[in-house]
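First chain A sits with chain B, and in the next complex the same chain sits with chain C.
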Partner chain A sequence: MEDWVVFRTWVGDLTQMIAEATVGQTRFHEYSDGVASVMTESIMAVTVFATIMGTILALLWIERKFFARIMDRRGATMALRSLWVGEGGQHADWYDDLPFGTGKPIRWLNNLLNEKAGNASDYETVHRTKDRGYHGVWWLLPGMIQNVADGMKFMTKEWMVPAKADKFIFEVAPFIIITSTVMIFAFIPLSSNIYSANPELSLLFMMAIFGIAPFGVFFAGWSSNNKYTLLGGIRSAAQLTAYEIPLLVTILSLAVISGSLNIIEIAEFQITSGVWNIFLLPLGAALFLITMVAEVERIPFDMPEAEAELVEGWWTEYGGMRWGLMFASEYLRCYAACLLFAIFFLGAWEMPFGDTITGIIPNQDLILGAIGVGLIGLAIGLRSEFPVLLAPVPLVFISVIPPTAWLLFKAWFMFAIFVWIRASLHRIRSDQILEFGWRWLLPLSLVNLAIAFWLRLSIWQGGEWPLLIPGLITAIALILFIILGMDEDKSAMEGRTRPYSVYTKSKGPASPRSHDR
Partner chain B sequence: MGPQHPMTHGLWTLKVKVDGETVVDTVPDLGYIHRGVEKICESRDFTKITTYCDRLCYASANTWAHSYIYAAEDLLEVEVPARAEHIRVIAVELQRIASHLMWLGAFCPDIGNLTAFVWCLREREMMMDLLQELGGSRLHYNFPRIGGVKRDLPIGFAMRARAKLNLFLDRIQETEQMLDESTVFLVRTQGVGYAKPEEMVNHGVTGPNVRAGGVNYDIRWAHPYSVYDELDWDVSVERPSIKGADCYDRYRVRVDEMRQSARMCLDALDKMPGGAETHYSEGDPMILTKARERAEEGKTGFHHFEDSRGESMFYLAGGGEQRGKHPYRISIRSPMFITIPYAARCMIGHKVADIPAIMGSFDPCIGETDR
Partner chain C sequence: MPFHPHAQPNFRNMVIRPMWMALKAALRTIPYVGSHKLLAAHGTSAPYHAQEAQMIDEGTAARIGEDHPSVGKRYAVDRETSSLVPYLERPVTVMYPYERLEDLEPWLFVPGNYNGRIGVIWETCTACKACVKACPNSCLHMETETRVNVLDTTEEGDEWHGMGTELEVGGMAARRNEVDNSDHNLILDHSAVPQEYDFGSVIDITGETATVRWDGGGMEEVPAADLAPAEVDIMSGRIDIGRCMFCGLCMEACPFESFFMTNEYDGMSGYSREDLWYEADRTRVLPSVHQERVDAELVKRAEKELKKRERAKARAEA
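Coming up: the complex of A and B.
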């Protein structure tokens, strides 16, 4: 499908025009191209930054709400679902107030959800424990303003430096972390036409910048002069050696399969060759996901900040807005990781089944026509008793969604998976991640690299992929996934042989103060 | 680590000597919240001590109150109606479920998972509601009385209790699946914090911790009090590996014990005899008269009790001259006071990251430890 939002071209034309009209008319007219170029780059940088900063609210929202949904918390945290499933005996009816009967499909969905997954219980007595509905105002998207309140709180807090800290490094470390994090987004394209910078080797450049922040963490941990922060900082450095190499080898396999070290070309290759990388390199996708979770230091790989034993790890001593910005930069890194996963493996900004869907519409250039058809469908669907008739409507509208939105949707989806991982896993130990990294991730990433070489050299003949091979690979990956998911050594569990007992360290020497006396 | 540290689950200090991230030596330092409950009780009526016993452990108030009540009844030679005994069993076992849920909810964040915490507290809420119906408040119930319980079961309690317990039995499966089928959880708990059964017996460790080591010792089964021998239940004992009980065993035994407690409650609801005789009326002169008699004889009252965390014991000495209503001396055996030093020993040789896992798996409660 054609990318109709050629934003960079529009901005380029506009700045060219402005430069021609202003600088071009003066005696500096030979610089007008340069001025236009500077203006274009600035506008693009600001656009990308603003888009990322604006849409990161969605991430925070997912982190709060989806997490709360999994955890089955009570109260306003349940917002999203309780908007339509009126709980605690009170059925939501806000959709009846919507104009033109647009609430009808929502009512249908509401009834369906209440029937299939609702909280209607046979026991009235357990209703209280199940009553976790949101009784506030639905159009406020409950919980969104909380982020603003948090920001205000951070800004009004005092900035303190511990007396025994190395003041200079302690002050510098947050800047290293925050600036390197923001710099990542210079190289992440939001579509083939919306990007801030596009050097030839942008992949290498970006991964180099991605690896800077752990050094900032290490500096922060060491300079705080505190036992917990020191342990956290050293853990961060130790962890870095375990996942960074598999991560880079996995990314190398992407460069191999696409034949380029440029992020936009890797993304475009998936679109032109017709198959997303996740269907070619499912192992690589899994490795990338795991190493990226480690890179952004989320559970199960958040040993540097392990709050149970290290209080808050390396940022125990930080407070105020510096802490807030570092926390924000953690989410920015998460966002970058999700965007990269979407770009590298999920076909970047391509619409899923885009060709099929746009093929339905006879003349896909006529966007207005598509909207007209959609409106007619909407009208018919609303007049009828069956909201199912509305199904083709989104199909029509879907074809005019800009590619950037698809990329962001995919990134949010990936972040939901990140949250899911966080909600269901525990924190592993630092010796275990080292063992896992060196014994499993590194060999597997080399296998993945070999697969990429094989695919590129002997399967791909230029043009599109033969569809048999990705289908086969995906089927094998799915079967392996299911088998590994079912892998439960019942006899070992029964016999208490402890399949996961990895106690390798011998006991330390008992001191005279030991309790053996 | 401590006295204010996420690992401590209370107020105490664990002095840890580390070599890199490996624990070389540990010294527990207890006593931050010593309130002198035993001394306070010496100036209180026998009937007024229950509230102090409630406050020995906020997570398991009912078991401690009952622990005292049985000792006091031993001293005062009070007989309890069968219906009251059934109600007591229900109250204690509901409290045991709530306490173990609190434990599981605190143990999982120790190794990094917040979901299990919220799920466990959600289920604990049901138990709290039931106990609130019995005792009137949500944390410190002051439910048992010498010679019975505060009041009879409320109308409809049996129906609500059955519904909630059945729902709990459903839901605990969900939590169990999330933990047992997660390799990360197994990696963090299996092979961590081995406690040898013979060492535990020598140190006096009791309760779920020692049953995780394969020692079949449950007071409710070994020296049955109340109506435990009439109910349908099994002692939950783990079969540990040759090296001893690890954190995973201690997790399993508590989950199994919650099931058994629910089973016990359901069975007690079925077998409960009718009638309204649940207690002696308040301020019954008989108790106080008897107390004076017993005090003159200089006799003592004593009871083992299976607390949520192990074997609690109350030792009461009668009032003596001029003090017939008050105990002359009261002594409390706290299971965690004995277990915490042993748990601290188990950590030697493990990583710093294992300290919360091992300490959490022993279920420390500092209120009862410091008394």
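Coming up: the complex of A and C.
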């Protein structure tokens, strides 16, 4: 399916036009193209940065809300909804103060939302719980404003350097971490024509920059002159080194299978060859996921900042905005990992079953017509008692969702899996982490590389993949997963012996009745 | 080493099972999806959430009564919205100081045996200090003073003679001593005024002589006429709730059922540590709240008093 959001072309045309209309009219007209390209690149860089920074809020939201659902202890979920619902029978009415009746559409929308998602409920208990007292306007602020408050707090905090710290390194370490983290996003394409930089070997550039932050981590841990940070830094260095190598070998397998070291070409290869990499290299996907979780130091691999034993690990001594930015860079690295997984394995910005859907709606004009029909259907459907009418609407909309949105959806889905892992698994011991990395992941990544070579050299004949091969590989992976999942020690089940040695010397009766038997 | 089957460190137990459990918990919170039978509670087929509302204990059920709107309703309060758009979220936050959970979801309310704020029925307290001795954190402070009631100091021929209490075995007794405290200088002497009485506890009364163990030491038989009955009065009963760990040993130590751990969880905050020093008035439990306890204690004491008077009457007749 065609990518209709050709943003880079639009920006290029616009800047070309501007440059020709301004510089082009002066005696510096031969620099017109240069000015245009500088403007284009600047706009693209700002666009990518703003998109990443804006959409990273979704990560925070997933981290809070999905985690809360897993723990079944959702907290304040009232803020945003309170804008339309109001409390205790008092609806919001701020839109009535807007001039020239501009608030009327908002009032209409508000009434609709109140009607459909308001306080009324069939269940009396529900109704009673939702009918809250009105406690003033401050309770109605959306929760996202808390982020601004936190940012302000970090900004105004005192910057303290420990007396015996290595001050220069201590000051430099956060900048190494933050700048290298932000630079990762220069090479992450958001679609085939929304990217900040696209050198020939962007994969190498990007992974090189991804590997810089561990230095900053180790600098921070060492220079703080604190045993906790030092331990955290050492653990971090050991862990990141151990997992960097399988990660790079796994990424090498992607380069092999795609025949390119350019990220955009790796992404496009999945689209043109018709099969996402996860179906060709499921082992590689698993390796990439595990190593990336370890690289961004999330549970179960967050030994470097194990808060139960190391206070806060290598960043214990940092405070204020430097701490805030390092925390943000943790999330940025995480976001980068999710985006890279989506780009490398989940078909990047391709819509799932995109070809099938465009087969159903072959004509772009038809799509636009269908949008109109869909909007009308949506209006009817919301008003009716039969939301089944809404069913075709997503199908229509789904075909015009821009590729960037697909990429972001996939990245958010991956982050949900990160959160799921974090909520489920234990933090594992440092030596176990290293053993797992060196003795399992490294050989497995070499096996994965061999599979990639085999696929590229023996199977792929140019054009599209024969569908039998990815199907077979996926089936084998699923079967292996199920076999591993059924792994259960039958003898232990039959023995029913207690864990650890907790027997007393004379066992005695388990219960008073035991004497009778 | 033998492992418990679910403690085997294998892929199934370390990864698959915990992840499935976490996902199940998350899916259960979603309307419609959460009521699928795959996600039912272990060993049942009913939806995990959206079950009948059941009060946590009989006390709560009795407290909210039969007419309460939540009786017989589904436990679905924080799971469901309107029928059309069930996935939109509703507020589930109880804005605590303004709203209280027990008003919204009484079946989640604190059970009766929860150790909350300390409450004392001062009306039935005898100042035995069993609670003070029991407290491991020494957060209870009780100051008492042994005193002679002014009614007991009357002499033969006074208008109010005979209206006071009588000397009794097990009680306190006081004897006026020879101390002359008339020239005690209240302004310059940095010490308490010497007591005009020696205090002791009555061990035995035979006829007109009473056996007294003096607080200062020594046992003595003295004529009962020289003695006046004394009593222990509570000067202050202060509880430092900031040091309290709510273990409830004080409540268990109380022989008169005057000391309670209520199940109230609020009203224990303040702006300073001094705010957490509860004087007697802040720990007071009104008799109306624990009327049964107070009534029982009063009946007990009234019967004791009646018996005593009957005995005294019989002795007088004999």
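As a convention for this text, the second predicted complex is superposed on the first by the 407 of 517 C-alpha atoms of A that agree within 3 Å, B and C clash if a C-alpha of one lies under 4 Å from a C-alpha of the other, contacts with A are read in each partner's own complex, and residues count from 1 in each chain.
In the analysis below, contacts are C-beta pairs under 8 Å (C-beta built on N, C-alpha and C of every residue); 3 or more make two chains touch, one makes a residue touch a chain.
In this text the structure is predicted, and so the values were computed from the model without any measurement.
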Touching partner for A:69 - first (chain B), second (chain C), both, neither: second
Which superposed partner A:458 touches (first chain B, second chain C, both, neither): neither
Chain B versus chain C as contact partner of A:306, first or second or both or neither: first
Touched partner set for A:156, first chain B, second chain C, both or neither: neither
Touching partner for A:425 - first (chain B), second (chain C), both, neither: both
Partner chain in contact with A:231 - chain B first, chain C second, else both or neither: first
Common interface residues of chain A - those touching chain B in one complex and chain C in the other: 70-72, 74, 123, 125-126, 128-129, 423-426, 488, 496-501
Contact set on chain B toward chain A in their complex: 1, 5-7, 17, 19, 21-25, 27, 108-115, 118-119, 122, 125-126, 129, 159-160, 163-164, 167, 178, 181-188, 190-192, 239-241, 246, 248, 341, 344-345, 348-356
Interfacial residue positions of chain C with respect to chain A in the complex: 1-5, 7-8, 10-12, 14-16, 18-19, 21-23, 25-26, 28-30, 53, 69-70, 73-78, 80-85, 88-93, 95, 98-99, 104-105
Chain A to chain C touching residues, read off their complex: 66, 69-72, 74-78, 81-82, 85, 116-126, 128-130, 132-133, 135, 139, 385, 387, 420-421, 423-426, 484-489, 492-493, 495-501
Chain A - residues contacting chain B, complex: 70-74, 123, 125-126, 128-129, 231, 299-300, 302-303, 306-311, 423-432, 488, 496-503, 505-511, 513-515
